[in-house]
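The data blocks that follow each hold one structure.
Each of the next two complexes has chain A plus one more chain, namely chain B in the first and chain C in the second.
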Partner chain A sequence: MLTLKLAFRNITHAGLRTWLNVGVLSFAFVLIVLIEGLYDGVLQQVKDDMIDSEIGGGQLWQKEYDPYDPFTLEQSHAQVSAELTQEIMKRNATAVLIASAAIFPRGHIQSALLKGVDPDQKIVRLPAFVLRQHRQTHAIPGLIGARMAKSTGLQIGDVVGVRWRNAHGTFDAGDIEIVQVMTTNVPSIDKDQLWIPLDTLRAMLRMPGEATVITLAKDIARVPAHGPQWIVRDHAYLLKELIENINKKKISSSFMFILLMGMALLAVFDTQVLSIFRRRKEMGTLMALGMTRWDVVGLFTLEGCLLGILAFLAGSLYGIPALAYIAARGITLPQMTSQIGWAIGSTVYPHYGLRLYAVTSLTLFISVIVVSFLPTRRISKLKPTDALRGKLS
Partner chain B sequence: MKKYFAFLGSLLFIVAGAGAQAPSGADVLRHIDKNLVLDKAVMSTTMIIHGRAGTRTIRSKNWIEGKDKAFVEYTEPAREKGKKMLKLGDQLWNYIPEPTDRIITISGHLLRQSVMGSDLSYEDITENKKLIDLYDANVTGSETIGGRNCCILELRSKEEDITYDSRTLWVDTERWLPLKEERCAKSGKPIKRSEILEVFRVEGRWYPKRVLYRDLMQNGEGTEYIIDAVDLHAAIPESQFTKAALKK
Partner chain C sequence: MATSQIITVSNLVKDYFMGRQFFRALNGITFSAVKGEFIGFVGPSGSGKTTLLNIIGALDNPTSGEAIVLNKPVSTLHQKEAARLRNDSIGFIFQTYNLLPVYTVYENVEFPLLLLKKGNAEREHAVMQALEWVGLTAKAHSRPNQLSGGESQRVAVARAMVKVPEIVLADEPTANLDAANSHNILTMMQRLNDELKTTFIFATHDEKVISYLHRKIVLNDGRVVDDIMMN
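And now, the complex of A and B:
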């Protein structure tokens, strides 16, 4: 208890030196929580957007379907079973049929995916209802995302030629009128794809009653019976790549973490080294009064730890309101970040979990204890007589 | 009166004779196949692609055997030299030389992709099937193209798994070559057009010398396909149509 009192009195009497250390440490602490919170926020946002706009409560994939292998696409269609059709009728699921095609915006060929969706579906946040709108032309109504609109130069009202092959391999061609350009944070429902009514695509491909993917409702109680043609893809599978990508980004951003922590800990280390040098006589006096060398080591280490505690308290004092404010207002990203391939909105809202707070605090404490202790090892070899004379042996 | 009957008789003879000579759609297709389908050939060709970024000329050597085997080796320009393509039945492989040194399988919808940015797809360039086996044909009219008398032939696919559901051919009724052709989608929309600009005679058959292909859904000016030389009796070793030949 005496050591604690002594340590506290020492750091409070150190004045500006202590508060500078506390300031640097707390600033690093708050900044680390903010950066980590931003990554967690991005992950949470991307997950929510993907679930809302694309994957719902999970999906059933036709067994041949592999979105990363275009070779599989021609075989990736199967009849929707009676059980699944019932679930679709009950609005517990929706079917999507996918086919590759070539489109000709402004006369230039471009590869695209044709995706057939039920205009009445409410399972995912996709404005498919626009595909029912009355149109001026007899062209097939089409819905595209803003990224697709940008890459093709297509706008609402434009008619674009499209060429595809039906189930028998025969070429077919027609026109699609763009009835809506949607803004979405999810590139995987936007980039290089055209959404058209499911029944129209089935007729175009000569694939009546068939689908490539069945998306289940978010609140569905259980996966319906689906037969051997379909494979269940749950959230863990569908979000796996995204989580891995963000974790990789987190690791690559650890440079920032190391830099911030390094700066703060260097300040503590410097302070400790300086203290030991300047307080040699004090150490000698304490040992002459009966303290062992290790008691003195403990005192100096405790002073460093108290700096960590004060930094934590100070950081919490100004950091919690500041971080809460940022979490509520979000951080608006520059336009270029929408090109990185994740489903990020224009504003990112950091997400600070208890785990993040605890892990960051613990890392800070342990690091401060280590850097506080390291310079004090010299004290363990100190002779009290030398110390009283102001010498470091 | 005798003169009148004699004139009428000869007129009837001419009309009846002309009627007997008018070939059916199937006959025209047989004539075309006889000219265009090659049992075996080694050809040197030039492809002139009139693209958005200008005109590119690509030269190649082609080996063909029946409808299922084809091998193409690009010889010019330097950046395409050494690239090869092998077709065996429905399978197709592309070889890209060093430093990539890779064989790429082309199948499914990739067969529809354009060859080196041209208006020809991989399927178009390796097609050597008899039209008579694929289509029913009807002669629907006649027209003159480039001073040559042509009959107009409407083709309808016999089966559902034919690449082009229908075609319209303007066939030179003397040389039996389709001087113009439109290949149509299932919806009837024309998607590709070819025009034979020059012909030549080889081994007793007429064969296209210079053909202009156009993808009608694109804005480009088309691709010229020129046959510089053809040898119908060249000995082609069996090893020419193997994947090993790609890396040779």
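And now, the complex of A and C:
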């Protein structure tokens, strides 16, 4: 208790030196929370986007379906079971049929996925309703994303030739008219794919009543009965890759984290070393006045730790309002998409969990204690007479 | 008589080791002191005054021999017990004052009492009393860097005296002071010695100090060469 009081006196009386340290430490603390919060915010946003626009409350996959293996597409379609049809009728789910095809934009050949979607579906935020009308009566209405538009050069009103193989293995061909180009943050409903009406695709493929994926409504209470052809893919499964990817980015960005933390800790370490170097005589005096070496070690360590605590308090004091403000306003990051490889909205809203706050504080505290203590170990070998003479052996 | 003997030093030897060489700073010192004495170790520079004072103050260990201070054998004290002894019973005064720079005069004087875990009221009373002894009540809230040398040393005296220790050890307390301030400090210490029966031991070669001593122990090359009572 006495040591605490003394340590507090010492650092508050030390003035500028203390406030500089507290400033640097708390700044690092706040910045780290902000950066980590941004990553969590991005993750949250990308997850939300993916749920809203693609996976809804989870999906049922035809048991052969593997999005990473295009060769499985020949087999990965099945009759939508009676139970599932019921759910679709009740607007609890929607069916998607997927097939591979070749398209011929501007005379080139390019492979693409055809995805059949119900134009009346309300399950995901995909503007499928645009597929209800088209001007070229001979063509199939098609919806593409901005990435697809860019990679193919297709624009609204363009007609593109398409060739596919139907259920009997026979090649067939037709035209698709691009009726809409959508902007989406979710590449997996955009890249290398064309959305067309589900019934049209079923007819083209000779697969009446079949589907590859059934997307469930976000608010569905439980997974409906589905039969042996279908496998449940829940959020944990569908978002796994995304979360792993973001965590990987997070780890590679920890360079920044380490740098910041290191800078702040170096400031404390420096102060400690300097303090111990300059205050030898004071240590000798303290010992002459009746403190043991370990009391002195404790005092100096505590002084360093108090810097950490003050930094935490100061950081919370100005950091919480600042971080809350940023969380409310969001941060505009125009080049984010191209730079970090996921698509996100141009404004990121950081998301600070309690865990983030606790982990950052704890890391800060432990490292501050360590850097405060390390330089003081020299004191533990200090002889009072040497200290009084201003010597540090 | 034996009960009032508060310091007994017998055959004390202190060697400083420098690599394979060693230097014998104290070479068989023997003396004893009773409560209330006003003693000085005098002698030329390098004669071992500071070394002897530090051993008596349990800041240093002898190489051989023994110093019994307040019935405690200094050489075998654990560092914790040594700290305890200094805290309880010994006040130090240094040539360079050694005030704690970030504390006020009041806080400097209060410090030993905090270590002794004295209560608030008792601390305040004792600090004000000690500041009165040295005539510095008005400067209670000054910082050490706002004091003159004489004032600083008076604060150091107050700090040494505030707990009314058995023994005060003063190493060249007047070396940085002018004549007037030296006499001021010495008169003050003499009065405290008179009133409180605190034992004062000086290490000095200052004639002004020597003129106040009741007993002069002359050191040379780490030996006691003379032990004179003065009147």
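Simple rule for what comes next: the second predicted complex is superposed on the first by the 382 of 393 C-alpha atoms of A that agree within 3 Å, B and C clash if a C-alpha of one lies under 4 Å from a C-alpha of the other, contacts with A are read in each partner's own complex, and residues count from 1 in each chain.
As a working rule, a contact is a pair of C-beta atoms (placed from the backbone, for glycine too) under 8 Å apart; a residue touches a chain by one contact, two chains touch by 3 or more.
This is a predicted model, so every value here is computed, not measured.
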Next on the checklist: Let's test your reading of the overlay: on chain A, do chain B and chain C clash or fit side by side?
Outcome noted: fit
Item to check | First, second, both or neither for A:His108, with chain B first and chain C second | outcome: first
Checklist entry - Just chain B (first), just chain C (second), both, or neither: which does A:Ser100 touch? => result first
Checklist entry - Can A:Gly161 be said to touch chain B (first), chain C (second), both, or neither? => result first
Checklist entry - Which partner does A:Gly169 reach: the first (chain B), the second (chain C), both, or neither? => result first
Checklist entry - Taking the superposition as given, does A:Tyr68 touch the first partner, chain B, the second, chain C, both, or neither? => result neither
Checklist entry - Touch check for A:Pro384: first (chain B), second (chain C), both, or neither? => result second
Checklist outcome for this item: Taking every C-alpha pair between chain B and chain C in the superposed model, the minimum, in Å, is 67
Checklist entry - Hey, which residues of chain A end up touching chain B in the complex? => result 70-71, 73-74, 100, 102, 104, 106-109, 161, 163, 165-166, 168-174, 206
Checklist entry - Considering the complex alone, what residue numbers of chain C touch chain A? => result 54, 57, 59-60, 79-80, 83-84, 86-88, 92, 94, 96, 98, 100-103, 107, 111-112, 114-117, 159
Item to check | chain C partner contacts - residues on chain A that touch it in the complex | outcome: 2, 5-6, 9-10, 13-14, 281-282, 284-293, 295, 383-385, 388
Checklist entry - Can you list the chain B residues touching chain A in their complex? => result 52, 105, 107-110, 112, 114, 157, 159-165, 183, 185-187, 189, 191, 215, 217-220
